[in-house]
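What follows is a pair of complexes built around subunit A, which joins subunit B in one and subunit C in the other.
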Partner chain A sequence: MTGQRMEAPLQTNEEGRDMAAPLLSIRNLTTSFRNDGQWSPVVRDVSFDIRARETLAVVGESGSGKSVTAMSVLRLLPPASSRIEGRITFDGKDLTALSDEAMRAIRGNDIAMIFQEASLNPVYKIGFQLAEVLVEHRAMSQTEAQAESVRLLDRVRIPSAKNRLDAYPHNLSGGMRQRVAIAMALACQPKLLIADEPTTALDVTIQAQIIELIKTLQQEDGMSVLFITHDMGVVAEVSDRTVVMYRGELVEADTTAEIFSRASHPYTRALLASIPHLGSMRDRDAPLSFPLVDHQTGAVSEPKETVARPNQQAEPLLAVRGLKVRFNIRSGILGGVSGRVHAVEDVSFDVKPGETLSLVGESGCGKSTTARAIMGLAKYEDGGITFNGKPLAGLTGQEQLARKRDVQMVFQDPFASLNPRMTVGQALSEPLAFHTSLSRAGIRARVYELLEGVGLHPDMASRYPHQFSGGQLQRIAIARALALEPKLLIADEAVSALDVSVKAQIVNLMIELQERLGLSYLFISHDMAVVERVSHRVAVMYLGEIVEIGPRQAVFGNPAHPYTRELMSAVPVPDPQRRATETRVPARELRSPIRAPDFQAPKRMMLEVGPGHFAQADSDGIVTQLTSLAETAAQTRQPRLAAE
Partner chain B sequence: MLASLLHRVFQAALILVAMTVIVFIGVNVIGNPVDILISPQADQAERARIIAELGLDQPLWRQYLAFVSNALQGDLGTSYIFNQPALEVILQRLPATLELAVFAMLIAILLGIPLGLYAGLRPESPISRTIMAGSILGFSLPTFWVGMLLIMVFAVQLGWLPNGGRGETVTVLGTQWSFLTVNGLTHLFLPALNLALFKTSLILRLTRAGVREVMPQNYIRLARAKGLSNRRIIFVHALKNVLIPVVTVVGLEFGSVIAFSVVTETIFAWPGMGKLIIDSINVLDRPIIVAYLMIIVVLFVVINLVVDVAYTLLDPRVRLDGTKGA
Partner chain C sequence: MTDTFSNPIESPVTAPTVSPIRKLVRQFSRSKLALAGLAVLVAICLAAIFAPLLSPQDPYDLMQLDIMDGQQAPGSTSLGHGFTFLLGTDDQGRDMFSAILYGLRISLGVGLTSAIAAALIGATLGMIAAHAGGRTEAVIMRIVDLQLSFPAILVALMILAFLGKGILNVVLALVLVEWATFARAARGSALVESQKEYIEAAVCMGLPLRRILLRHLLPNCLPPLIVIATIQVARAISLEATLSFLGVGVPITEPSLGLLISNGYQYMLAGYYWMSLFPGIALLITIVAINLVGDQLRDVLNPRNRS
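Now for the complex of A and B:
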């Protein structure tokens, strides 16, 4: 095992390197924070090396100490409330022993760092922020720095770089901002780049572009990369070696290939088991829960098969027809309408009882606005929403109340959606007290039942939200949504902010609840791999329109619309053997759905490419493309059917 | 930008019209100037003549229309007491108040921002705790009491500074200014300090809160990771973000220090507008009251506009029409 550990990086980098002296060497690093006068260690006894030109991934869930480790290397933690013990050697220098001044000369120069959000200062122009690094470390004049900034922006593939120097961060999209941050990090040709979750806040297509960019630049400059992430798919995509951290300790370190094929620590195995693999559901038509591995013992619980199938012949529980939501943009002295955001444009779909329909798409594609319109939180301009056979538009007050009971919502950030001053028990009993005529004792019994139903202990009812972890809070949010026995649950990115293993647990809970209570879900997510796991049917949204909708198996197995295919190819594959070699996604900015006030949305045609599987055909080229696809689909279906 | 500026001017005009109505009705409610202006010995014919001369025999709406049409020609009425155009009387006093206000604000900014920065960067240090405790005194001690205390200590007991008045003045551009002579400056110092005390505490606390909010931000962490010096991180990257809310408050406080420095001006016998308005209210000199309020309204509108423009310069995300950038 140790032998392989030494060999693998040799194979990936043929160029001669001094194997004896790693570029960065961390030995017995313990970082502690002071809380109320008490020192508590956040990172304990961590040791690892990074060699020249190597990419090392540090993975772990939130609170595992991976970011703190990186911050300790650069000594970015506040000196008053943090303490670093152990030895950190970089390029022959002991970083823990350097003076502040000498450390400053290394930051941004020999070791550069990029963060999750690009973290640019909102009140300064891009050019100013780029130039100051060059002036600081490379002693350039302002004019030289200006010219060099343009060159750097060119290197990170920012179109019309020269004009962007005068842009402010808010003028750029998230992906472009991250490119600027990378340009800034590369300004002094650092030997080591520390990337702390650089793609976590980005859409999958943009994430794929940024990862590709970092890999290319690494090859061009020959630098080492310390890549911090919680996403095993990203790890498989980028790293030579991987370090797994759990609760402040390093639990496993090996080559990435070894980690993925022969992980020895139970936690690593648990982490790997909970990663959704895109394409793993190819042969199933129903949702499947995740296998769970116990973090301590490594015992694997096999996923439970779902047996209930939604009846496709049943009347739809929710029917959306030609839904249009637009927001006016006003400007000028009289506040006239100068443009319109076509947030949702002619969207139609059904949700059957007991079915999960997923809405997928990048940020800004209108999926959340659709959910808000169904909840009655956003005004829609045109079209109709029918729930349980009754159109929403003409409901009486009583019927509206009933509809509110029947449709509930779970949001992305559970902490923000629970009142911090209310105990969990109060939060859960509030809807019960308002909507039902239960007695006090009855409400309490129901609250306990709800907590148990989502796998929590009834004692927890007296606690406040800040006393729970993110996963527990999301369980509580689900329990609250279930309090009134709704028929439809809208989950708006409900698992997106959670750690992988917690995400798997919550997804399993949702699948189990659907089986038990016959719930319907409208599952909104940008995470294709999770969507593949939970849905019966999938609708892909782009710029406010549904471009493809159909049974999950058909949409994932046989994507017809070019955008759907682009979205799928951007999902990182959690398998280091199947690493993509070239750019899979063309560098493209998310287009904007803002239109002139008199813009008439073109009439779209949906083409049936398979049974119940429709794709948008908006131009002649795509129509022919789709037609041929439909034909091949029909042909390939025939022999398969014959074989069965 | 230009469109929104025009929009603001239009708004300001509406505010002015509304203010004239309110002020006109207001001053009519507080008392009849005839009772004070005309000596009790005057006979009935004399009374009627003066009332007619002042236009006070007309119904209120006629008086108002006459005032508006005169005001549009730049005439805000003639003071009953000084027998001079009201505007002229006020403008004579304006420089005194203006230089007092500017000096007070300067002291407040020059003390408040550095102290606030220090207290925000080192919240635990004993000096910061002292600064913060001191700022509470600045808030809570009444101005008149502090003013009298200052006179007691510096003018009466120590004898270092004069106890009131404007001192020597120099005439520049047809108006008199104190701050150009040493003697004038010594007269200016105590009242300005008195006015600045509250403002300093306010700016100090705002700056400190801003620093505490800005320093943990990610862009500050990035600036550190870029290897910039502490000086540059604080004075370039943090300060501009900290100043955004401070600018708003400084603007508004500047307006209020001009309009409501009445107490301090009275205590230090400073011949500014504050003292004038108090005297005019006592003798019901309507034209002065009305003109004064009009000038204050214009002043506030202008200051707000300047603040808004300064805001857009500091924070590129804010545009003048009030919407946030994408």
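Now for the complex of A and C:
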């Protein structure tokens, strides 16, 4: 890392606007934490500027020091165990030299911050919390504060703002809470807004709305934004300039367009290569691995084309028919059923041998519950699940055990899915010891083989889960799932919690394992771009129902259902040139699948809009839209109504 | 995170494998006070175990007692046997130092046995309640509620009034008083742990229920139980001392610390302070040491502190 590379882009005189003095200037920032009496730097020698009315994105993977940088600016780190060196100048003031009193005045007034989880106090109404800020910082009277709160909620586009003042944070959805947090941040008309992963916990459609909102508000107020994220798609969407951080160091800083088109540092190139681009798979019908880039040299290894094609004529390995899962909501003294969550409603699909079927949808759409029903972790009310030609409902104890060997699951959080008190070797040998008749030595050999199969060193068997990184643990979880040589692997958001480069590695591993072992996957994810990469077929779920299902190419290339289109348009495009200019997704609350106890779910029709490509036709006028699509399809093939 | 972006085989990290136990020991030794408590506790336990070797006389052997040595102040010499009474003697001519060492055996033994038995019974019932749910859980937990709504000393007094004196009866009474605390804690942590994905992963693996409960659920529920157990040992010792002091505890022939205090108490006003004071100090030190260790264990085993 040379100082020259860091400084050069900061001094470029692009478009003339960079002449103005920076609003925030960070020079040689080094932040260290004390651990066991030793100071270890987490942020090393970082320098960058933010000018007025500019959005600067700080991008990096977990542990890159991006959040610590922001916390250092606001001096939010515990003074006892942290040390900030370097110079931070904000609006002419040296923040490192200010008294605690003066710093408090800057926080909230001049610099506001929003976090990943909207930081609202759960026991106060949001009106009270907003008014508190206004009374405290802007010396308003209660009535003025009341009126100003409504105006602020209006500004962040919260529908019927006046009524929301009396709502508690838990009455609002995650997206709405984040809007309230933004309203609170804006209450004091700050010059700089620091947004720390503000959209990471949100669904894609909500994420798109919040990004849109931050952009609009920035234009209206003329404030600067420091946007911290791990998502290059979001970066391309929001920022004027981008700073890339890697292991506590600034590796590259430039305008966003430059970063995306002519990144010079190998790490930036690696990061860019591992981002899934929605639509990049248009001309392929099989899954494709991610290209991998060496972090040090920048050498790119081209992805291998997969050759195996699942036989679509084969008998399905897993057949789900009319699956219904409902949860009763009880209330009152007698605990009567006051409502039902229709978590999964009349869901049907097949998974063929060697095929990857993806279930996509936003949180609460029932995709995980479907998986849990198949695994026997959730009770289903109605419908049938057939595995390998045998219905699951009527299995004997022995058959059930055999079925459990054949279907395995990989969970989202690799830290939670491994017993913290067992070594990795113990965790891997446990299913082998119970289900197979292998000897001790045989089990050990198999454990080593499994670890090597997922790209880990056999020596790691003696270590405990807390000694591994997230990516390594997910490899171990996959190895454990593979221990019994299953036919079907259910991956429930298995790569969602991982950093992009690690995500790419795990996806590549899964594709490779599929080729080698002929596995079938039920791949559950909310990430459309990853789904496009890995799947042969895709099912889109919304409010417990499948609204569209078909070959991946057809669903992504020619989405028939309006929800599928909405979902796809909400995915941030990692290309600053193609930045959306208008609001793509209307602000709305997520609809809830909670119904009255006597609610009868309407019978849905699935309409074939292409070969093997079905979309739900419901009563909202979509039928006509779909019918026209179906007619187009009919030119090549006779359309047929399939009521499943 | 990973250096090995281009190389899928991850090289083993050179850092030595740190087992959870070693990490625990390291974290425990951060508090000097807790370490001191542990040292004192170990010394007390050793003194109790090797009491016959350390004490100049067997306080239970009436042949070794000499009524002429009765009520001697600390530091005086035995008339017949020639050794020094470090902490004085009681009215029977019993060496207080020896009596305290032997009393510690009873106190610690009663405390440990009752806490361990209560932990076993309570944890089993708590885990059963958490796992079974429904009516079983309701019945067990209501009994727990009922049990905890009575003052412990009252329940123990009632049981001992019914069963009569005796070490075994005291242990039984203490177990009956203490099991409910363990049951409640065990159920709580079992409910939390069984929500975790590793339990679901074990279910998905088709492992038998017994193995999931014993090998996966139990070890992860243990930390809070261990903490409660240490605190309950101290509580059992003080409860036993109270019961003995009140005259319903251990028999007079096998005096625990509480009974020693009780015996000496009547001579307090006559100026023979040592008969009550020294057993009292021994009891105090024991309980404080156990509580210091327990407190630090709680901090170390608290899942929030585990990084």
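The rule we apply is simple: the second predicted complex is superposed on the first by the 611 of 644 C-alpha atoms of A that agree within 3 Å, B and C clash if a C-alpha of one lies under 4 Å from a C-alpha of the other, contacts with A are read in each partner's own complex, and residues count from 1 in each chain.
Here is the rule we use: a contact is a pair of C-beta atoms (placed from the backbone, for glycine too) under 8 Å apart; a residue touches a chain by one contact, two chains touch by 3 or more.
What you see is a predicted model; the values in this text were computed from it and never measured.
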{"item": "First (subunit B), second (subunit C), both or neither touched by A:Ile158", "value": "neither"}
{"item": "Contacts of A:His170 with subunit B and subunit C, given as first, second, both or neither", "value": "first"}
{"item": "Partner chain in contact with A:Gly455 - subunit B first, subunit C second, else both or neither", "value": "second"}
{"item": "Which superposed partner A:Ala263 touches (first subunit B, second subunit C, both, neither)", "value": "neither"}
{"item": "In the superposition, subunit B vs subunit C on subunit A residues touched", "value": "C"}
{"item": "Contacts of A:Val530 with subunit B and subunit C, given as first, second, both or neither", "value": "neither"}
{"item": "Shared subunit A surface residues [contacts with subunit B and with subunit C]", "value": "none"}
{"item": "Contacting residues of subunit C [partner subunit A, same complex]", "value": "1-3, 5-6, 8-13, 15, 17-20, 196-198, 200-208, 211, 215-216, 219-220"}
{"item": "Of all residues in subunit B, those that touch subunit A in their complex", "value": "3-4, 6-7, 10, 124, 218-219, 221-229, 232, 236-237, 240-241, 244, 314-317, 321, 323, 325-326"}
{"item": "Residue numbers on subunit A that touch subunit C, as the complex places them", "value": "61-63, 270, 292-295, 299, 301, 375-377, 400-401, 404-405, 407-409, 411-413, 416-422, 430-431, 434-435, 452, 455-457, 459-460, 462-464, 467, 469-472, 477, 480, 484, 499, 501-502, 505, 509"}
{"item": "Complex interface listing, subunit A residues touching subunit B", "value": "74, 76, 80, 104-109, 112-113, 115-117, 119-125, 132-133, 136-137, 168, 170-171, 181, 184, 331-333"}
